[in-house]
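Accompanying notes for the structure given below.
Each chain gets a letter, A, B, C and D, in the order it is written, and its residues are counted from 1.
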Amino acid sequence: MEEIKRFGVSIESGLLEKFDRYISSNNYQNRSEALRDLIRKELVHNEWTKTGEMVAGAIVMVYDHHRHEVVGRLIKIQHDYNSIIISTQHIHLDHDNCLEIIVVKGRLDKIDELSSKLKSIKGVKHATLSKSTLGKNI
Amino acid sequence: MEEIKRFGVSIESGLLEKFDRYISSNNYQNRSEALRDLIRKELVHNEWTKTGEMVAGAIVMVYDHHRHEVVGRLIKIQHDYNSIIISTQHIHLDHDNCLEIIVVKGRLDKIDELSSKLKSIKGVKHATLSKSTLGKNI
Amino acid sequence: MEEIKRFGVSIESGLLEKFDRYISSNNYQNRSEALRDLIRKELVHNEWTKTGEMVAGAIVMVYDHHRHEVVGRLIKIQHDYNSIIISTQHIHLDHDNCLEIIVVKGRLDKIDELSSKLKSIKGVKHATLSKSTLGKNI
Amino acid sequence: MEEIKRFGVSIESGLLEKFDRYISSNNYQNRSEALRDLIRKELVHNEWTKTGEMVAGAIVMVYDHHRHEVVGRLIKIQHDYNSIIISTQHIHLDHDNCLEIIVVKGRLDKIDELSSKLKSIKGVKHATLSKSTLGKNI
């Protein structure tokens, strides 16, 4: 179990009042938990600005599987990047549209590269990269 | 197969040159595909500003499964929102950290609510909501 | 002078270490100042999600003043919205391009409306809305 | 006057319909103007990912001028970075709060550095960096 440290924070009463309202409307149980979340969000955001950093995340795509060769191309690219892909989950949204989630873990620049290649395939309608973390010391 | 329309676009030569460089460095095969992607990105972005809109996406979370009751709480909340959750995928990042991806489809405000509740649980280190689309007419 | 409150925060030692490195590389003098900044950033971000909220900010535009009627149109629209415009600053970037900064204060939905109208004018190459705050109790 | 080029775009009829609705609700006069804006937004966004790039923008800050030494510190830092600061505009929001807009032009990494230093000053409540462009060939 990791050691817990404790320190004091000074804050203007008006700002604290607003923060306490934010805490309750966002379901936090106490100020510490809300502050830790703000800190972690900022640190993870910063991880994703450093080219060589090891990160984790997910590429979320929507595509029309009827489009000529889209499925074949997606599989080919995913195999080229198998070292950074952990798993792929596939959802049938309707008769035409698929939602596919590719979980990735690796160097940030390789993940960006994969994300860009998938996005440019004809038939892929939308792709976003969800920027998460390996969770170490955070 | 959906009907394809064609129309002409006017653009300054300097801007077109820069756009063509963008197209090739982002792996697009032609200008139409790159423009359709820019249009779709903008439309999906706008969908996510309308409270009652039906959308699809994924909540990507990292948490420490050793934390007291975190797993139980996550499952309880997910069951409360089972009508908008399609599936959950779980990855073991290391001895302590889990990456969990919850695929969601439903009203935007319900999805926001779920995302906020999951994020505030003690033990959940990071959570992002990847904003995607149902893919209809887009 | 506003009253200052003080409270204790609990945090894992690994996370605190990373936060302390963040603090020093971002020039903060102490943890309290860095935490207050994270809180204020989150609160201001939330202000900008509430339609009727009173906010302050700046619209930053780049345009080519040679373009037919662009200057006349910009002035006309700005006069239509004079109740939310505080001032306009104009910079000559080069022979063709102007950078114009319009400081705004008022209801969020009116500011969005103004921003959208300016952006759509032919000759306006780029426009962003910088989302700031009136600074009250924050 | 810059040369105008013209080319054809292919697009699914459903997507075009949605785009046409977007065009009219965003006050664009025609498809070309809306498309040029999407292209320029993407290109400017990309400019701000390249460390050595020359860019233009504005730092928008809110601060409490009563805070000990905040005004002196702001002026000192601005003088240290005078080579990238074009001008500063100051608005009195209320008895305590000032809105200050610093127009900047220069290397992206220097602008980031300035922005970070201003933000960390005690008394500065909020600071955002509005990422715009020099407007050349765009």
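By our rule, a residue touches a chain if its C-beta (ideal position, glycine included) is under 8 Å from a C-beta of that chain, and two chains touch if they have at least 3 such contacts.
Predicted model, so just to flag it, every value in this text is computed and none were measured.
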*Looking at the contacts, which chains touch chain A and chain B alike?*
none
*How many angstrom lie between the CA centroids of chain A and chain D, rounded to a whole number?*
26
*Distance from chain D to chain C - Cα centre to Cα centre, in angstrom*: 9
*Got the chain B residues that touch at least 2 other chains?*
40, 136, 138
*Which two-chain combinations touch?*
A-B, A-C, B-D, C-D
_Complex contact set, residues of chain C against chain A_ = 2-19, 22, 31-32, 35-36, 38-40, 42-43, 46, 136-138
*Which part of chain D faces chain C closely enough to touch in the complex?*
1, 26-29, 33-34, 37, 40-41, 44, 56-58, 60-64, 66, 86-87, 89, 91, 93-94, 96-97, 99, 101, 103, 105, 116-117, 119-120, 122, 125-126, 128, 130-136, 138
